[in-house]
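Okay, got some structures for you below.
Each of the next two complexes has subunit A plus one more chain, namely subunit B in the first and subunit C in the second.
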Partner chain A sequence: MGMLVTSLASGLLLGCAYAGAAVGLSLAMGMARVFNLAHTALGLTCGYLAYFLLTTAGIDPMVAVGLLAPLMFLAGLALWPTLFRPTVRGVADPALSTSILTLGLAIVLENALSKVWTPNPRIMSTPYSNQAITLFGFTVQGSLVVAAVLGLLLVLGLHWFLNRTFIGLAIQAVAQEPDGARLVGIRAELVSMLVFALSVGTAAIGGVGLAMIYSFGPASYFDWLLTVLLIVVVGGAGAILGTLISALGVGLVLGLGGALLPQAWNSLILFGLLLTILLLRPYGLFK
Partner chain B sequence: MTVIFMYIALSESWTILGGYAGYVSFGHVAFFGIGAYTTALLLLHVGVNPLFSFPLGGVAAALFAAVVGYPIVRLQGPYFSIVTLLVALLTSLVVKNTPALGGTTGLWLPLPDMPIELNRTTFYWFMLFMALVATGVTAWVENSKLGLGLMAIRQNEAVAEAAGANTTYIKLAALVLSAGLTGMVGGIYGYLRSYVTPEIVFDLNIGVTLFLMALFGGCRRWQGPVLGAVILSVLGEFLTLNIGEEIARIAYGLCLVLVVFFPDGLVGIIDKITVNRKVAFGGKHAVER
Partner chain C sequence: MLEVSGLTVYYGPLPAVREASLKVAAGQFVGLIGPNGAGKTTLLKAVSGLLRPAAGRVVFDGTDITGWPAERICELGLVHVPEGRKLFPRLTVLDNLRLGAYLPRARAESDRALKEVFDLFPRLYERRRQLAGTLSGGEQQMLAIGRGLAARPRLLILDEPTLGLSPRLAHEILEVIKRLNSERRLTLLVVSQEVVHLLKLADYAFVMETGRITAEGPASELIADPKVRKVYVGL
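Up next is the complex of A and B:
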């Protein structure tokens, strides 16, 4: 019984961490029509950079996130006009063309990572990563708590930004009615660029969070991507709080599955769930 | 050369649905693997040589496509792509956990009892045969009623549907045909490697490479995949031998990025150049495809 409760608690925390990794993709898919298959690959790149900073300069991953997220935001600003705008504009199905583009990007990133850091798996070890922390009577791993707090802060921060600031409201306006938004003077092109950059910036936070929990190799982005896609599809693309809720659900499934079933079953459940939901309700469960 | 022929056959068969209809399947390697396992099992349990039974591999893959295909072809855009990818992952996962299929260790196939050179040339001729068959079928589809329906779907599916075309049936037929050809190639490949494991025959790199080649060459016409498969196989082999496998994969990834900017691939570029020349010299205008 105790083990079950503990795995429930760590499942919820895992869900929060995954919410951080998924929320950016949800934003890009729902508000900028970009189907970014490189989302977790970008996150994983940041995970490797954080690992590099930790092992060479002793910089804590939490500090590294503060450095990497703005950097990735700038990278997003640079990527939009060069690669993404031409693929979104004037294309019959922007989601399909961006998915091919980002699949290419993900392959490039994966192999560049494996070239630089070898394919061997890495583990980020911080003073708190293996420390047992007792929260409300449950004992959980330290790094899991840190990653969960990062993810939760990110999701809540984005929710606040989208609903309480002028730019956030403009983003929602463009997502709902691009032509109408243009009529009232919103520069939809700039807004899409901003959404994409935000999404890439949050990929850094989510990626470092996941890299703190799991041991990771260059191919890890693929498993992360499938989990994150499941979360986004269940939550509905563009729905921030929906993403959080579905991430908590997926976290519970992963946490319980990890405790009760062998490893192979875990991915079977994950793929099977994603397949079923995509076949039955590709636009999300709550829409 | 055998590998080049294999990729010509694979990307040609992918083009039937992925190119003409614009339904980009990421998971065609599932059909490839099913073909390989079918012929492997037939060899081990019934004793039929895969060089005779490889059409049965195609039949098995086509049957599989017909069974799972119906709900899948009704999805659109990237959702179709992701679901095909998941089908490939799930099939490989099921095979890995089925002891009768050898699990993760796979199945050893005793090689044909003949000298190694003859063995090599045999596979060479069979892959050449498959490349010719796949190219022929794809070229035939391009000018058939099926191809017309597929291209109508690519241009505007709603209009095609409204004009009375049964789009779901057309897409399913294309998927089954494409899967059958892919499965036949897989059936030969498993015997060529003489070792069938989920890692080898459900390798997602094969799945991505085959459609990259089609897209790169230009998948609106049957000439494109041949061009793409030849150029990219040579490039990949050259980079792997001289610099490293990772660099070769990075080059493939970059090609995939590039392809998005030239949706008609190399064939499209060549067309544009020749058409411009014709116009400049007062020739006939090319018919819009």
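Up next is the complex of A and C:
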């Protein structure tokens, strides 16, 4: 019983961490109509950078996130006019063209990471990585708690930003009715660029979070991507709190499945669930 | 105030508007009538910047705005309330209105603008916390006009503000529009299928058929014109 409860708690924490990795993708898909398959590869790159900062300069990953997220935001601002706008403009199906573009980008990043850091798996070890933390009577891993808090803060912060600030409202306006937004004077193109840059900025937070929990190699982004896509599809693209709820569900399946069933069953359950949801509610559960 | 000359606009491979010219003077209430598919909506979209014209000129208050993007044209005070309303369905009434006052020029006066809109349409005030997508057709139309007014227009373009409304509600909306012109001296360019009612309220009107402006004149003369009566009034 105690073990079951503990895996439940770890599952929820894992869900929060995954929510952080997924929410930016959901934002870009729902609000800028960009299908960014490089989202977790960008996150993984940040994981490696945080690892580098930790091992060479002793900088804590929590501090590294504070440096990397703004840097990635700027990278997003640079990527939009150079790579994305030309790929989206005049294309009948931007989801297809951007997914091919970003798949290519992910593979380039994977090879670059492999070149710089070798294909050997890495583990980020901080003083709190393996420290047992007792929360409400459950004992969980320290790095899991940190990653979960980062993810949760990110999701709640984005939710607040989108619903409580004027720019957030303008972002929703462009997503819901682009022509209507232009007619009230919103520069839809600039807003899309901002959303995309925000999304890339969040990739840093989610990616460093996951890199704190799992050992990672240059190809890990693909495993992360599968789970993150599942979360976004179930939550509904652009639904921020939906992403959180869906990620918590996935975390529970992973946490409980890990305790009760052989590892191989996890994916079977998760993707079985995905197929069912795609059949019944293809636009997501919370949209 | 608005001068459109020789405007040609393609909608797909075919020209939907051919060399159309019209004028709206400051303070005037101008109607634009014509059968479905005549190109009225396309013409308005090219004026407000949602579509780029292939030829011709659009001059607003002495500024040549031909081919400008919609968001810049809005900044000048030419505000378009489009056909189909184009509201933000999953935002509240209040947020839709606030976004109407998005531009700095309008945002400075947004509290006053909101109060004016609620005075004009008390129903919107009752429903201010409701999502726009859950409003009735008439309320959505009020909101669309309200959002346009929040942008502090000097020229307000209304495309089919009465479409899909009951005759009573359609007349109510048209009366409000008339008041905007007579009480606030707001310059208006209005398209409506309520031809008789529109011509009774408007100062001047243009008739559009198959992409061309085929007739124009003071509204009171057009309404008496046997040709117009035959085609649009069904008498």
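The criterion applied here is as follows: the second predicted complex is superposed on the first by the 280 of 287 C-alpha atoms of A that agree within 3 Å, B and C clash if a C-alpha of one lies under 4 Å from a C-alpha of the other, contacts with A are read in each partner's own complex, and residues count from 1 in each chain.
Just so we're on the same page, a contact is a pair of C-beta atoms (placed from the backbone, for glycine too) under 8 Å apart; a residue touches a chain by one contact, two chains touch by 3 or more.
Fair warning: this is a prediction, and the values are worked out from it, not measured in the lab.
Because the two structures share subunit A, they can be overlaid on it, and in that overlay subunit B and subunit C fit beside each other without clashing. Of the two partner chains placed around the shared chain by superposition, subunit C is the only one that A:Ala170 touches, whereas subunit B remains out of contact.
Using the contact criterion defined above for the overlaid structures, shared-chain residue A:Leu229 touches subunit B, although it does not reach subunit C.
Contact comparison for subunit A: of subunit B and subunit C, B touches the greater number of residues. In the overlay built on the shared chain, the residue A:Ala57 is in contact with neither subunit B nor subunit C.
In the superposition on chain A, contact is made by A:Leu274 with subunit B only, not with subunit C.
Contacts of A:Met3 after superposition on the shared chain: neither subunit B nor subunit C is touched. Residue contacts after overlaying the shared chain place A:Thr87 against subunit B, while subunit C stays out of touching range. Taking the Cα centre of subunit A as vertex, the centres of subunit B and subunit C in the superposed model span 90°, given to the nearest 10. When the two structures are aligned on the shared chain, A:Asn111 is found in touch with subunit B, with no touch to subunit C.
In the superposition on chain A, A:Ile100 makes contact with subunit B only, not with subunit C.
Remark: least CA distance from subunit B to subunit C after fitting both complexes onto chain A is 14 Å.
Comparing the two interfaces of subunit A, the one with subunit B and the one with subunit C have no residue in common.
Put simply, subunit B touches subunit A in their complex at residues 22, 24, 26, 71-72, 75-79, 81-83, 86-87, 89-90, 93, 96-97, 208, 215, 244, 246-247, 249-250, 252-261, 263. Listing the residues of subunit A that touch subunit C in their complex gives 166, 169-170, 172-173, 176-177, 179-188. Put simply, subunit A touches subunit B in their complex at residues 35, 83, 86-87, 93, 95-101, 103-112, 114-115, 226, 229, 264, 267-268, 271-272, 274-275, 278-279, 282.
Note for the complex: subunit C touches subunit A at residues 48-50, 69-71, 74-75, 79-82, 85-91, 95, 98-100, 102-103, 106, 147, 151.
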